[in-house]
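Structures for review follow.
Okay, so chain A shows up in both of these, paired with chain B first and chain C after.
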Partner chain A sequence: MAGILEFAPAIVLLPFLSFLIALGAGRYMPKGGALAGIGATAGSFALSVATFFAVSGGQNYNQTIYTWAEGLDAVNLTFGLLIDPLSAMMLVIVTLVAFLVHVFSLGYMNDEGETGLPRYYAGLGLFTASMLGFVVADNLLMAFMFFELVGLCSYLLIGFHFRQDGPPSAAKKAFLVTRFGDYFFLIGVVAVFATFGSAAFAGPDAFPVLAEEALHGEHSVNTFLGMGEQAWFTVVGLLVLGGVVGKSAQFPLHTWLPDAMEGPTPVSALIHAATMVAAGVYLVARMYGFYVLTPTTLAIIALIGGFTALFAATMGVVKKEIKQVLAYSTISQYGYMMLGLGAGGYVAATFHLMTHAFFKALLFLGAGSVIIAMHHNEDMWDMGGLKDKMPVTYYAFLSGSLALAGIVPFAGFWSKDEVLYETLIHGLGGSPILLAAYAMGLLAVFFTGFYTFRMVFLTFHGEPRSGTARDPHGVRWNVKGPLAVLGVLAATAGLVNMVPVEKLFGIKGIDFLHQFLDGSFSSLNAHHYAELMPYSSGYIGGETGTVAIGAAVSLGLALAGAGLAHRLYNVPEPVEHTDKLGGIKTTLYNNYYQDEYQVWIATGIVQPISRALDKFDQGIVDGVVNGLSSVSLFAGGRIKRLQTGVVSNYAALLTLGLTALIIGLGLIGGWFA
Partner chain B sequence: MTPLQTAPEWTAAAPAIILAVTGLALLLIDTIDPDTSSNGLLAGLSTLGSLAAGGVAGWFLTQGTGMESSGGAITLYGDALVIDGMSLFFTLIFTSVAAMVSVASYDYLAGRRYQGEFYSLVMFAATGMTLMAMSNSLATVFVSLELASLPSYALVAFLKKNRGSIEAGLKYFLIGALSSAVFAFGISLVYAVTGTLLLPEIAANLSVSSDLVGVLGLGVLMIAGGFAFKTASVPFHFWAPEAYEGAPAPVSAFLSSASKAAGFAVAFRVFTVAFPLGPVTSLNGGGVDWSLLFAVLAVVTMTLGNFAAATQENVKRMLAYSSIGHAGYALIGLAAITTDGGAANGHVLGASMAHLLVYGFMNTGAFLFIAMVEKWGLGRTFADYNGIASKAPIAATAMTVFMFSLAGLPPFGGFLSKYFLFLSAIESGFWWLAAVGAVNSALSLFYYSRVVKAMWIEEPSEPLEIGSQPVGLYVAVIFAAVGTVLLLPGFRPVIETAQTVAAALF
Partner chain C sequence: MVPPQYYLVLSAAIFCIGIFGLLTRRNALLFLMSVELMLNAANINLVAFSYYWGNVTGQTFGLFVLALAAAEVAVGIGIILTLYRNFDDVDVMNATTMRW
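Then we have the complex of A and B:
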């Protein structure tokens, strides 16, 4: 199986190299090290594409590269690579977005005369390398380590402008909130090791496989707290899910993400589309074979996803800054992916992960372009009428918006529809929780359409509402190029998995992504997951009917939302309509007081406990330690007094000491008998 | 086939011979030109002699002279001397310390009289130590011990105009005389019981009648007392703080590193060869459990040394007490020997030897740094060390290395040697000794880091003036520091050699 897959480590190492170059020699290089990053990500992208085709051709790769701790109670800790369709797809997405973000940064950072560029490009390089390392990880511990590296890099990049007030605080918040989730993840990793003795994703020792065998009674595992296997697996799954909820900004740990908008916009694109936030969902997909065994966890994932999708979408409706709207849309869209995973739609969720990566990167880069044009003013109420001034940005942004809103035939429509469809049929198959989650997801479609087009209309349509909007700053090829590429992808990426068309018109074999994902190891492919799934399907008016109804309802809601936005905001002089919301408006502006209650938990509950512990530490622990040292010093002082300086004293003490030893040893040895 | 096997047997004692000849040559130069000002010649010659002796010892070690691989230990002069791996290993310690001290004395003695005497005394003391490590008979043990001690008394009192130095020398001599008396009495008792002075023969004649067990026990204990004096262990330690504090700092370095190691060398050999633990603990009608004796001494010595060091205000005196504490650690090598220990005995004894080697570098370096501070004319207390790092960063870095290494922190040699020592003590079942050692090490960090804190963090109360940059002292200090650091990665060959040669004693 030698071939292109043998070069897979280079995909990770190239951006790492660019990190080292930018860090060490960036200041001596033109463009502050950008070229190294561009070269490295371009190389990684080329390799990823080659890998992708090799995997399409049926090759898979699962290899331990390095064992760094061996034989600790029969647990080996290793680094290794797992290249299967899922990771190959993700590699292409991450390297492509990273490459485009690097190019875009030339326009956003270099052309705008930012300082500290080597630090910036070093951060981007390490960020990309960490995410790629996470994607190809072949075991949970390695995944965890790179997961943490991703978190660290996001901290470094969000806080890039560390001299201002906002970014360092936002960076800290992102770091701490995701770390809260990662605590549970870490315990989960340990629990997986303790339970299965292995944390591999694939191969004979893969823990999902062991878990499956354990549930069938073919293999015994260690469970704890007196739980049965099923219950214990649920606990383990939920622990790992903690990390996912933090990283993928799901309710209730989503609060860091809107603040993270303080980072440079290309970084936001990277975080939201391809790296940080995607890591959480990707992790669930990676170990889906484990989650699919525990119906409770799946239901919780689906509920969290559905609720987050709706919850975040409603908050996006009232935001003023263009990046804030996008931030809430990200939370909401990842909610859809979680909904899809929780509802048994592995392919659907992965599909949405892919399309979202393209259109969200596009929207952020588009927003970045607008921000350059607006001289770094992000308030949409100061914009307006930009569509004639910057047509490339406008059409690309429009393509992304149509995809986000889920308008046929743009990418988002296909993937979102499939997520909702999977939820619906499995809900109808006898799972009321999924139906509730479906309802929330469906409602969120309306809000998505509304806030998306509110954003588009406020930014690009109508009359310019400020001086800068009348005379925007131009952008160069390095901004337009990435936008054009992503614009095309946002429009067309959905065509790789047109399930509704397949079902409605009976054209077989156009669900390419599904077939592609089926090409993995037997324990990691979509087919296997479908067999394990605890849900059954139900239909309204047959399969075709359900497809048609589902698609029509979600499209209708999206159009309704867009239409309402059109009515309210696509006018020459739009005004704020938020007052009509009354009391809800304040709640929405304050993001449902999520930050406030979390701060209250921190200051009202955690702080008093910490104080009490501090008292214990200062009083009792330190007291004992200080006491010991005073005793030592006191004893030392006494001993010092023995050393009188008078030789005859010494001789006496010496003789006495010798005598004591003689008597002691003599008594034990029986010399005096 | 090594060429050594064809050489006459007496050449095996070459390290001691080279040292003695160097000492004589120094005297000769001094006789020809008593008022010589060519300090460089004297220091150079004595350094060269030490290095040559050390080089030969090292070469012998790698060639396997006196070890299993080339036919076992070589005995000379009617079995009075024995050259084996252990004696060569210790010779390496003495000679490297002597070389460092000689180099450092080049600056320390600049402008003083009687330099020729100083270097020749150092060489003779080193000869005595080397012979101590080679002694195979209680008679040679006593003679070589005196040969090492007498020059030491003179060296401590070397600063003839300095009351502290004279007083220290006198106290050292008086306690030394008392200890020698105890020691010689012990030897006579053992001779009375066993009828021989040769160590292997003593072991063979241990089966004495039950009414002589007490006499033998008394003799063994008094011999142990003589060694306790040399190693500065409780209760024979009283001379050490005074002598180390009053002596010229290079001499303190020499005594606290090399002389102490010599005491351990001879103690290790006498107790493992002449009084094997198995036979002496199961004599007719009693026993002499010296393992227990040394366990008690180890605990008391390390605790006393560390506790007293913690309360000192004078850096040199602090180091003197810390040196007592380290004697306590090294005693674990004897304390943790068991009758049915097998390989574990060799391990713990070897670990103790390896610790003495590392200690030879880090402790010598620390005292030489003090020599440098004395040379600069700064004070002696911790407060006088404030801010040295800003004036002499390289020397202060070296001192930091010594302090942390003495405390047993990674990444320095002292960490591994202490680690192996405690580990092999645990392996022998003496986990409580290791625990006491670990607690003491933690305490020692307190006073060692005080030096570091003073040098790097504290501000001097008045502006520091550092006059000269003494080249010789710098060379010696940096050499010691590099040795201390390199002994971390290079610890494997050291510990393996030490444990191999130690295992050969059992």
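Then we have the complex of A and C:
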């Protein structure tokens, strides 16, 4: 296994190859290029698993592959690979989900007779390759480039059905909103280069390490705007965070994600489970050594996360379409990850990133299966009673839902509980902001339980409420297979990190993820982050007591939410109970008028400013330039009359000139003095 | 020995006749002749000063200028021929197409 990490670039290149094949030859191939994509992602998955085991065995890999701009006395811009436990774990997640999504697409796209399949598979391949490139990036600039590629691919895939009205508009919105965040990220990248002269994540000149030394006064860095080091690092951290908030759909840049549901359902699974949305959270985890140095940034991350978790969960309660519910649950779950990172729970957040990737990919693919069965009707009020007609989908979906709601022992319980536990103990250690974020996260658990099971009961239980639900379209192995794989993972993935069990029963050594993430470079492991953390811990009734109380409260709330949904919606003929909320429902259904206020900002503020600037540009800047050119044109038109074309005139001018020259020289020389 | 002032006056007079012809005539052939007059006025100066200083370099120069003038006439006649072919005339006032 010694040399397996040397093959790591192939993990990225294989899906890129499938992109080229699908783009160039997809139309001549059976299945529109799907087989190339399936083969490539399967190969990447196999290599990732091998990489994962090599990394588990203690190997890490940090290598610059190519220097594409070399600076004399300045920064080098490079491409390189950084394989450590974090990226190895992410590689496995991304390649597995991408592989399953490719297989699922056979059922969702090919069997449904969609056109434009080569374009679709080319997009999937490029999307996967970009995300993998982002995951293995060893410096911030390379990460930024692949971050942008991921955004581009999401634009191409969300707008796949470009002949309809909705998808192109949703694709543009996703691109613009995430781009808005990326703008800050770009400034952040430049700031990192200007401050540290390097943007490497690991190695001798890694910028988190330089920042740490600068704060201890062992190393000097350039700060700007007259700020001290601490304040300037906070600014840089917040700039990079702009990109994270955009990509990971955190408040207030979350509005693109629900609209992105216009894309084909397998694409939604890929975007929300493994690739685009995960990229933001992964970036924070990747440069966690930098964020952990600035308490202000951590507190802001925690607050944004906690607020987004609650905010999105409340909107999920009233939605009609199955994919909309899942969209808001995605925003909410990424809120938890941000909360975990902000609260100092690096491992907890990474853990939630992993479990969420599995159960959310499962839920989206399950929803895709339901949508195939319902002839592309996504309204849950037209479904019902699908449990008996499609048992594989039902049980897989149920497994994912239990994981999402956080019911023991499914994956989501362990990770969400650990996120909340870390927030609680660090909040009790003297940080009221974290306690506030904890309260929001805890409240969101109840809503999560409610909307998840409202969705399950409306879709699968009760009596069929429409003709298509009575006689659904069957699905084949290529849909059921991925669902089964992910269903098992959603049920069991949490077992890799059973911290509450360890703490409550004193069984040592079952926090495998903690141990695994500690195996990284000394500046990148979880242990190092814990030393740098600005928080102290506090407990209610000792560590064991706090674990028990935290787990009991969050499980109790999740069960309460699920129980309420069971009571209200698990009946043969459910009615829309949320109608009783009246005006609140209208507000929730309209997403707190987030879209409206953002449109108002665009048309009410930005547009008039742009108009004024356009007037200034057209009138004054262009006016000056045009004025200069018309003056010289006019002058030229007059002066060219000198050129008569008559040779005698030229001779006369020559003679006059000579005479004038002689007289002039004479005057200077003193002839007439 | 004739003093050099006389040669200079003669040369200046011939040069002025040349300029006068250049400025007043419209016939291209007369133009060419006027130019030759001006060239030879300069030649007279060369020869006169050479004679005055007792040095033959100037006279040799004069011979070379004569050869050059012959070549120049060949070119000039060629131009005039083309002028005649294009405008059916050797009047320089007609050839005004090479302006703006």
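Here, the second predicted complex is superposed on the first by the 636 of 673 C-alpha atoms of A that agree within 3 Å, B and C clash if a C-alpha of one lies under 4 Å from a C-alpha of the other, contacts with A are read in each partner's own complex, and residues count from 1 in each chain.
In the analysis below, a contact is a pair of C-beta atoms (placed from the backbone, for glycine too) under 8 Å apart; a residue touches a chain by one contact, two chains touch by 3 or more.
Since the structure is predicted, the reported quantities are computational estimates derived from the model, not experimental observations.
**Student:** Touching A:Lys640 in the superposition: chain B (first), chain C (second), both, neither?
**Tutor:** In the superposition, A:Lys640 touches chain B and chain C alike.
**Student:** Is chain A touched at more residues by chain B or by chain C?
**Tutor:** B
**Student:** Applying the touch criterion given at the start, work out whether A:Lys508 contacts chain B, chain C, both or neither, answering first, second, both or neither.
**Tutor:** Touch status of A:Lys508: no partner.
**Student:** Does the superposition put A:Arg163 against chain B (first), chain C (second), both, or neither?
**Tutor:** So A:Arg163 meets neither chain B nor chain C here.
**Student:** Contact-wise, after the overlay, does A:Gly666 reach chain B, chain C, both or neither (first, second, both, neither)?
**Tutor:** first
**Student:** Classify the contacts of A:Ala652 with the two partner chains as first (chain B alone), second (chain C alone), both, or neither.
**Tutor:** In the superposition, A:Ala652 touches chain C alone.
**Student:** Quick check on my understanding: which residues of chain A belong to both its chain B contact set and its chain C contact set?
**Tutor:** 640, 643, 645, 647, 651, 655
**Student:** Can you check the complex and tell me which residues of chain A touch chain C?
**Tutor:** Answer in residue numbers: 640, 643-648, 651-652, 655.
**Student:** In the complex, go through chain C and note every residue touching chain A.
**Tutor:** Interface residues on the chain C side: 19, 22-23, 26, 31, 92-93, 95-100.
**Student:** Spell out the part of chain B that touches chain A in their complex, as residue ranges.
**Tutor:** That would be residues 170-171, 174-175, 178-179, 182, 210, 213-214, 217-218, 221-222, 225, 234-236, 238-239, 241-242, 285-289, 292-293, 296, 304, 307-312, 443, 446 of chain B.
**Student:** Would you mind writing out the residues of chain A in touch with chain B in their complex?
**Tutor:** 629, 632-633, 635-637, 639-640, 643, 645, 647, 650-651, 653-658, 661-662, 664-666, 668-673
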